[in-house]
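The structures come next, written out as structure tokens.
Both of the next two complexes hold chain A, though its partner changes from chain B to chain C.
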Partner chain A sequence: MGHDTAEWVFVAIVIAVLCYVGVDSWIVQKAVEDVPANAEVIKVTGQQWYWSFEHADGTKEISTLHVKKGHAYVFEIYSRDVMHSFNIPDWVVFEDAVPGHVNHAWFAPDTVGTYPIQCREYCGLLHYNMRGSLVVEDDNAT
Partner chain B sequence: MKTLIAISIITIVALALVPQLYFAHAQLAQQTSEKQYINLRAEVWNEFFRMTTAAFTVGAIVSGTMIWLVWRFRESNPKNKNPTKWEHLEDPTAGSYEDEGGH
Partner chain C sequence: MVLELQKPRPVWQIMFSTHHTDVGYLYTITGLTFLFMGGVLAMIIRTHLFFPGEGVLISDSATFNRIFTVHGLTMLFLFALPVANGIGNYLVPIMVRYKDMAYPKLNAIAFWMNPVGGALLWLGFADTTWVSYAPYSIIRAPGPAADMFIFGMKILGISSILSSINFVVTILKCKHPDLPLRRVPLFAWSMFTVSLMTIVAMPTYAAALIMMLTDRLGISAFFNPFAGGDPIAYLHLFWFTFHPEVYIFLLPSIGMMYEIIPRFSRKPLYSQASGVFAFVMLGIIGFASWGHHMYSTGMDFTTKVVFMIGTLAAVPASGMHVFNFLATMWGGRIRFAAPMKFAVGGIALFFSAGAGGVLNSAMPLDFITHGTYWVVGHMHLFLVGTIGFGFVAMIYYMFPYITGRMYSERWASVHFVAMFWGTVQTFFTQHLLGLEGMPRRVYDYPPEFTSWTQLNQIATIGAWIIGASFAVFLASLIYYAAKGKPANMNDPWELGGKYYYPVEAKNPHGGHSGY
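The block that comes next holds the complex of A and B.
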């Protein structure tokens, strides 16, 4: 095997691995961002220094969000004042709340429980206390 | 040398394939369950581990090549006892790989 062959094998392997990285990441990103068609919309509004929620049926909640296990939800994320970031660490929901702009994130909880919600963008004096709770309830409980 | 290259390529392919087979099997198992939606956490972590595999594969190729270069072209290597054709030339840049005769 000549030097040229060895070099081309080296280059080909590295290019193949990088192509794999790009294509695989693209596929996964598409799958993760693909919101299920039947997802229920929940409007999430961040303002100094609490979260408020509005369900599709008009029900409003402050700081504590109740959802049903096994259902998909898509968040429409708004901000009334400054930049916030809506984060539910346990369910990989993490999206900025930007004044004048709507961001989206979705999730489908499959485990009943109470999970923390927190602001992940420094938004002022009480940022540290801009927390909430996500309560995932069994669909048959009510 | 050819055996070494063959073993290296087989190892690299195995490194890339084994996690793929594992994840494909896990995904098939998930499809047969009653889950309606993809698990975002699982997707993100699976992707992380696949990317880690790719990163280590590239790292192994690059560092392996550098180790081989240092080993092969060290001064004490018996193969380097005689000067190459380039070193005979007045202008070393005028030489080429082909002149080496597959050295």
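The block that comes next holds the complex of A and C.
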């Protein structure tokens, strides 16, 4: 009955592991949320059931987003109807689009290619098909 | 028609009874019925996702959305809660040495709300998802379905508050004066903890449901952003109730393992005190972590850190339970009868699910896993792997007590192997699907992502194995309740010593039952 040394040691090990997880995620998350000052703003709007984008220079795109390799971008995420979640899995861009709120996420792609964009929060009938694509282009190509 | 076969009684006598074992029996049977109904929906979902493409099994996404919504609601509120309450009704009065629950009529009323709430959820068949996030559930969710969902949940919420009040009063006021609270068996402690948690947590959601209803009727705009409301407020109210609710689902199962493991190890429990301490800790810390469901809603950094610490703080207490189980088994003469197999399998999967939970709560990793199949795998590993295994263990354990007959150990082994195999195959695979980026609650996925197709097929085959294991379970429950060998009612597993519940406690018409 009661506690003994083995149990205290076990609990201490668990707490030590948790402290490591906590401190490490604090450090990583702090770094991840640090938006570079020169990041270009892209407005992202989710609505049933597609994404639309507006670049800083006023260019508008629907479903397909073109960005340049090596630049930093910060997304301003809006929703026009229900909750959505803007997600580029390959670049770990993930933030909810909440009507009445503006949320932010940023990334700086460093490889050229085409990547899927999707919605990760249930938003109704065609939630499964609320997909788009991200095209990362070489900077000197244009 | 007779239900309890050793002592035949007409079915209406059980239905209109207020005796705790009869109400417990009704709860358990209702819970198991809904388990199989929800299980059929799960099989439909997994079979549909076997191949990419629309209309594989279900012709439109509206039906698919309704099916996974009702599957979730059924398994959580019509299976997990009623079965916990059912076993609690059977055992808590016996454990605190009282003749019945404190308020027998209230007990029966609380039970009879379950079929009503269940009927509303099933007849409505809403498509809001079980979380029913605003504003979808307010401005978009169609017609009577969502309103029936609101009323069904309302009734089930009231039912769980009433039964919680009953458990708290029974344990605090009706326990035998010679029995100090700290020596009350740990299963009763688990019911006590979850009842207190329900009383604190559930009213918040009850309020949120009423606000949602008036929002839907257009006479208020608490959560409707197009009339000045804030959907994030709904998320806070919802998760303030339903993160603690996770522990409300989980702890009775842990309590059941505390009931089974020392008996089948033929050894006293390692530490009653640390079990009580861990229950109370989980009961308190469970309220400090709801925000980890909302990291990505635009929460600021400091709030996220606070909720991450709150989430991680719950882990040592869960670890103490696992340690307690292992230390109890250590050096015991373990008899691996069906209840023990399921309990030990449940501990293994509890550990895996808990480790996955630590990863979820780490903020940067949450942004990879949140809203993907990782979360589906994670919470099913808890719900099937821990809660399901604990409940199945307890149902095998209670089987001789309820029916007076023995189940077949061989078929129970088949059930165990298939259920364990299927659980690991399905839900570990779903973790990987999540890391591949597949969102949850999708009707279809693009065929060009071949890894998604492969992993979905592995998960679906695992789900079929789980389904087959439960078909075995159902068949053997029915068959051996009628045809099983009569059990030795003092010691059905021949463990030696006095390890089982007194049969006299079951007689509803024999006046006071002693312990």
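Everything below uses one rule, namely that the second predicted complex is superposed on the first by the 121 of 142 C-alpha atoms of A that agree within 3 Å, B and C clash if a C-alpha of one lies under 4 Å from a C-alpha of the other, contacts with A are read in each partner's own complex, and residues count from 1 in each chain.
As a convention for this text, contacts are C-beta pairs under 8 Å (C-beta built on N, C-alpha and C of every residue); 3 or more make two chains touch, one makes a residue touch a chain.
These figures come from a predicted structure and were not determined experimentally.
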Review point. In the superposed arrangement, does A:W91 touch chain B (first), chain C (second), both or neither?
Key: first
**Study point:** Of chain B and chain C, the chain that contacts the larger number of chain A residues
**Key:** C
Check your understanding: Touch check for A:H101: first (chain B), second (chain C), both, or neither?
Key -> second
Check your understanding: Touch check for A:R120: first (chain B), second (chain C), both, or neither?
Key -> second
Practice item. Tell me which partner A:Y128 touches in the superposition: chain B (first), chain C (second), both or neither. Key: second
Review point. Thinking of the overlay built on chain A, is A:A72 touched by chain B (first), by chain C (second), by both, or by neither?
Key: first
Point to revise | Touching partner for A:T59 - first (chain B), second (chain C), both, neither | key: neither
Check your understanding: Touching A:D24 in the superposition: chain B (first), chain C (second), both, neither?
Key -> both
Practice item. Could you tell me if A:P36 is touching chain B, chain C, both of them or neither one (first, second, both, neither)? Key: first
Check your understanding: Which of the two partners, first being chain B and second being chain C, lies in contact with A:D110: first, second, both, or neither?
Key -> first
**Study point:** chain B/chain C common contact set on chain A
**Key:** 1-3, 6, 10, 14, 17-18, 21, 24-25, 28, 32, 92
Exercise for review: Flag every residue of chain A that touches chain C in the complex, lowest number first.
Suggested key: 1-3, 6-7, 10-11, 14-15, 17-18, 21-22, 24-26, 28-30, 32-33, 48, 81-83, 85, 87, 89-90, 92, 94-96, 98-104, 116, 118-129, 131
Practice item. Show which residues of chain A lie in contact with chain B when the two form their complex. Key: 1-4, 6, 10, 13-14, 17-18, 20-21, 24-25, 28, 31-32, 36, 70, 72, 91-92, 107-108, 110
Point to revise | Sites on chain C touched by chain A in the complex | key: 61-62, 65, 127, 129, 133-136, 139-140, 225-226, 229-232, 268, 271-274, 296-298, 301, 304-305, 308-309, 312-313, 315-316, 319-320, 323, 327, 358, 361-365, 367-368, 370-372, 436-437, 439-446
Practice item. Within their complex, state which residues of chain B touch chain A. Key: 1-2, 5, 9, 12, 16, 35-41, 43-44, 46-47, 50-51, 54, 57-58, 61-62, 65, 97, 100, 102
